[in-house]
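Following this line, the structures themselves.
One chain, subunit A, links the two complexes that follow: it is found with subunit B in the first and with subunit C in the second.
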Partner chain A sequence: MSIEKRLQEKAVELLSEKKVDVVVGYEAGTLPYQAAPCFIENPDDEGRLVLNPFCSVNLAKYVHDILMAHKASQKRMKPEQRTKKVVGVVARGCTTRSLVIHLQERQYERDQIFIIGVPCRGYVSKKKLAAAAGGKEITACAIINDRLSFTTPDGTKEIPLESVLAESCLSCRYNNPVISDVMVGDPAPPMKPDSEYADVDAFEAMSGEERWNYFAEEMKKCIRCYACRNTCPSCYCKVCFVEQSQPRWVGVSVDESDTQAFQIMRLFHMAGRCVDCGSCVDVCPMGVDLRKFLKKLDKDGYNLFAHRAGEKMEQQPPLSVHSMDDKDEFIYEP
Partner chain B sequence: MEKKVIKKDALAGIVKKLAGQMPVYAPVQDQDNVLFKILEQGMEPMLDFGNTRNAPKNCFFPQAETMLKYFRTERGRELAGVVEGAPEAVLFGVRPCDARSFILLDYVFDDPKYKDTYYMERRRKTAIVTLACVHPPSTTCFCTSVGGHPMSSEGADIVLADLGDRYLAESLTDKGAAILKKFGDLANADDAALAKKKELSEKSEKEIKSIIPGNDIKPWLDANFDNPFWDTIHKSCLACGTCTYLCPTCHCFDITDEVKRDGGRRIRSWDSCMSWLFTQETSGHNPRTSQKERWRQRLLHKFRYFVDNYHAIACVGCGRCVQYCPVNIDIRKIVTDISKL
Partner chain C sequence: MADNKAQENWQPKIVAFVCNWCTYAGADLAGISRIQYPPNVRLVRLPCSGRVNPFYVVKALQEGADGVLVSGCHPGECHYITGNLSARRKFAMLKSFLSYLGIEPDRTIFTWVSASEGEKFAHVIRGVTEKIKALGPAKKLVKSYE
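Then we have the complex of A and B:
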C-alpha cells in the first residue's frame, strides 16, 4: 500500500475515533509543482491528503496557530464549557523538531498534538526547479522514483530529483521524525549531513567586509512581505518587534538599514531555535538567501553548546538554560 | 497615430540609447528575477521574458515615499513639502495586463474629487511602452476573464508587437508619439504588418486557457458577506504580503510619522490587507479580527467594491499571486468556487 494511502487511512481512523479534531497535512496544489497545506476535519475528506516531494512548507506553524486561536477562544468561557482541541499533524523530521521546540517553550501540551510521523527524502525547491527550467513556465511535472520530469514550452526534460531538492534537505540530519505518536511508512535512508556546514565554512572564510557586503546585497532583494517570518514555526511572537509602534524599532519605509535591522533581529532570534526546515527560503518571493546566516547560528550552537535545535525533548535550547559548564571564554576573549 | 516597424535586433539598442537621454524603467535580469529597474549603463533590457516578478506600480506608487517633512525650530513648527517635479521618463516593456493596471490605479489616484499629486506627477510625465503578448507568457494568465486582452493597448502610450522578424510600434497618445520620434528613423508599417498583428492577436487570445467567471460572482458577493464559504479559504494563508505586494492593482497604503529628535517625516507606504495591522485602530480594536475577514476584504475589494466604485474589477489577470503565493492559495480557484455556490 502506498504511503499516501496509509496516511489517508490513518487520518480517517483518527478523525472517526475523535482522537483528533483536525489533521493538518498537504493536498495537491493548482500548479503542477506545488502542494498546499490542508486541514481535514471531516473523515470523508481524507482523499485530499497527499505526500510527495512538492510538500514543502513546515506544518508546525499551523499547529501553533490553531492551538493558539483555540486557546484565545476559550478565554471567556466558563471552565466547564471549555473544550480541548487536539491537532493531528503530518510531520517529517524538521516538522517534528519544530514541534519539540514548541513543547520545550511551553506553547501547548504534548497531549494537544498527535504526530503522524512520515519519512522524508527531501522536498523540491521551487527556485532550483525554476532554474532547471531556465525560467520557462513549467506546465507539467512528475516524479518517478528518483527522477523528475517537467514540461515547458520547449519540451519535456528529465533530471535527477536530487538536483532540485532544497539545500536544507540535501544535508538534512533528521529526515525521519524525532518524535511521533504513530509512524506511517518506513524510515527514509539518511541524507548527507556531513556536508551541512560546507556553505557556512566557505562564508566564514571570507573577510568581514565581504561577508557584510554579501549580507547587504541579499537584503536589498527583500520586499519586507514577512513571508519568511510568517511561515517560520519558531517565529510566533504575538507582536513582532517590527510591527510594534510604541516604541517603533524599525521604520516602515524601504530604507536598507530598516530591512537589515528586521532580518538581523529575526536571525538572532533564531539562535538555537532554527531547525533548518528551509521554509523561509522556500516561501521568499524574491529569493533571499537566508539559510547561510541561519546555518551559521546553527553551527555556533552546535560548536559552543553541542546543541541541535529540536533534537531531543530533554535538551533545552542553549539560550534558555544556564549550565555551570557552559563555555565562557568568549566573555573574556571576544 | 504613427505606425512604424522596428528591426528585431535594433530594439534593445534603441531602448539603451533612450536610457541615455531620460530615465527608462525596463525589465532586467537581476539574479533569479526579472525586475523593473531604471536602466543604467551596462544593463541590458529584456525583450524575451514572461513577466517581471514585481509589478510596475512601484514606478508611480513606490513602496514607501516621503510626503512631507517637519521641524521644530525657534520660530515654532515648520513644514516642508517634498513634492518634487518628476522627470520625463519611459516605462518600457510593460505587459498589457500591467499597463491596464494603471487605468485602474488612475481611478483611485486621479479621482475627480481626490487628486494624488505624488502619483499623478510621475504618472503624467511617464510614457508607457507596452510589449504585447503574442503568446500568453504563462498558463496562469487570465487577463481575458477580467476585461483585458493579451495584445491590448489599454493604458499604453506606445504598443510594441513582436511580429517574428520585426516589431510593429504604434503610438497611441501625443506622449507616445513624442517618444516614438526619439526611437530614430523608422520605416512606416505596411498593411502586411498590421494584418499580421491582427492574426497574432486572435491567436494569442485563444491561447489563454485559464478562464474564470470573474464577472459573474458580483451578485453572490453582494449578498453573502456572512456566508460560511469565507471560513474555507484563509486557513493555510501565511498572512504574508506576497500577493498584495506583487499585485499590479493593490493600492492600499498606510501613513506613518517617523520622528527623530526635532524633526520628522510623514511616510506613505504600501499596506497589505493580509497583515494583522491592516485597519488596526489606535484603540487597539480591529474590525477585521482574523485572516478570514482579511481574505474576504481582499476578494470583495477586487470583485465587488471596486466594481461598485469604478465599474471595473480590480484585477488584471497577471497571475503573479497565483504563481508566487507560498502556499498556493489560487484566486482563480476561489472565484471559480464562488461561481458554483
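Then we have the complex of A and C:
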C-alpha cells in the first residue's frame, strides 16, 4: 500500500474516532508541480490528502494558527462551554522540530496536537525547477523513483530528482520526525548533513567587505512582502515588530538600511529557533538568499551552545537559558 | 551627523548601553573621581544589560552611531542575579552574526564594568574610542536622511 493511501486511512481513523478535530496535510495544488496545505475535518474528504516531493511548506505554522484562533474564540465562553481542539498534523522532520519549538515556548499543550510522522526525502524547490525548465511554463510534471519529468511547450524532459531538491533538504539532518504519535511509512535514508555548513564556511572565508556587499545586494532584492515571516513557524508574535508603530522599530522608506535592519532583526529572531525547513526561501518571490544567513545562526548555536533547534524536547532554546561557564571570548577586557 | 562625517577632524559617536547598577555607577565614579576619558560616548542607562534588546544595537548603528558598547555587571554580580548571563548569550550570537554580515567586529563591543571600577570605565571608553577611530566613520547599515 502506498504511503499516501496509508496516510489517508490514518486520517479517516483519527477523524472518525474523534481523536482529532482536523487534520492538517497537503493536497494537490493548482499547478502540476505544487502542493498546497489542506485542512480535513470530514473523514469523507480524506481522498484530498497527498504526500509527494512537491509538499514544501512547513505545516507547523498552520497548527499554531488554528490553535491560537481557537484559544481566542474560547475567551468569551463560559468555562463550562469551552471546548478543546486537537489538531492532527502530517509532519516530516522539520515540521516536528517546529512543533517542538512551539511546545518548548509554551504555545500550546502536547495533547492539543497529534503528530502523524512521515519520512521525507526532500522536496522540490520551485525555483530550481523553474530554472531547469528555462523559465518556460510547466504543463505537466511527474516523479518516478528518483527521476523527475516535466513537460513544457518545448517537449518533455527527464532530470534527476536530486538536482531540483531544495538546498535545505540536501543537507538535512532530521528528515525523519524527531517526535510523533504515530508513524506512517518507513524511515527515510539519511541525506548529507555533513555538508550542512559548507555554504556558511565558504562565506566566512570571504573578506568583510565582500560579505557586506553580498548581504546588501541580496537585501536590495527584498520587496518587504513579509511572505518569509508569514510562512515561518517560528514567527508567530501577535504583533510583529515590523508592524509596530510605538515604537516604530523599522522604517519603511526606500532607504536600503531600512530593509537591511528589518532583515537583520528577523534573521536574528531565528537564533536557536530556525529549523532550516526552507519555507521562507521557498515562498520568497524575489529569491533572496536567506539561508546563507540563517544557517550561520544555526552554526553558532551549535558551536557556542551545542544546540540544534527543536532537536529535543528537554533541551531549551539557547537564548532561554544560560550558564556561568558560557563562552566569553568576545567580551572586551573581561 | 552627515556634516560631522564630512569634516576633517571627524570624531566618532559611540552609543553605550549600560546597566543602572554597575556600569552606570562606574561611570559616575569615574566622573566624581575626575578621571578623564574621551567625550565621544553617549550613555543610555537601562535597568540591566539583559534589558538591552539586540535591536537597540542594530538601530543605533542604523541611526548613525559609529560604534556601540554594551556593558553590565560582571558575571555573578548582576543585580537581577542572571540578567547579564542571558545578555552574554544574546550578544555572543549578535556580535558573531553582525561580523558575519560584514559589519566590522570592533563596531560592537561588549564588556563588564562594576560600580567600583571608575578607572576601568575610563580605560574601556579610551580603548573603545581608539578602536572606532581606527575604523573611521561607519558606512554600513547607516541610514541617509538626505
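Criterion: the second predicted complex is superposed on the first by the 328 of 334 C-alpha atoms of A that agree within 3 Å, B and C clash if a C-alpha of one lies under 4 Å from a C-alpha of the other, contacts with A are read in each partner's own complex, and residues count from 1 in each chain.
The rule is short, and it goes like this: a residue touches a chain if its C-beta (ideal position, glycine included) is under 8 Å from a C-beta of that chain, and two chains touch if they have at least 3 such contacts.
All figures in this text were calculated on a predicted structure; none of them were measured in a lab.
> If you stack the two complexes on chain A, which partner ends up touching A:Met265: first (subunit B), second (subunit C), both, or neither?
Touch partner of A:Met265: subunit C, not subunit B.
> Of the partners subunit B and subunit C, which touch A:Phe114 in the superposed model: first, second, both, neither?
neither
> Touching A:Ala131 in the superposition: subunit B (first), subunit C (second), both, neither?
It touches subunit B, and subunit C stays clear.
> Contacts for A:Tyr123 in the overlay, against subunit B (first) and subunit C (second): which applies, first, second, both or neither?
The answer is neither, since A:Tyr123 touches no partner chain.
> In the overlay, answer first, second, both or neither for which of subunit B and subunit C A:Gly251 touches.
In the superposition, A:Gly251 touches subunit B and subunit C alike.
> Which subunit A residues come up in both lists, the one for subunit B and the one for subunit C?
251, 255
> Report the residues of subunit A in contact with subunit C in the complex, numbered from low to high.
Against subunit C, the touching part of subunit A is residues 203-204, 208-216, 241, 249, 251, 255, 257-258, 260-261, 264-265, 267-268, 271-272, 293, 296-297, 300-301, 304-305, 318-319, 321-324, 326-328, 330-334.
> Contact residues on subunit C for subunit A in the complex?
Counting only subunit C, the residues touching subunit A are 54-55, 58-59, 62, 75-76, 82, 85-86, 88-104, 109-112, 120, 123-124, 127-128, 140-144.
> Contact residues on subunit A for subunit B in the complex?
Of all residues in subunit A, those touching subunit B are 29-31, 34-39, 57, 61-62, 69, 127, 130-131, 135-137, 139, 153, 221, 223-227, 230-231, 243, 248, 251-255, 282-283, 285-287.
> Please name which positions on subunit B make contact with subunit A in the complex.
Residue positions touching the partner: 31-34, 49-50, 53-54, 62-64, 66, 135, 137-140, 235-236, 238-242, 245-246, 254, 256, 258, 267, 269, 272, 275-277, 290, 322-324, 326-330, 332-333.
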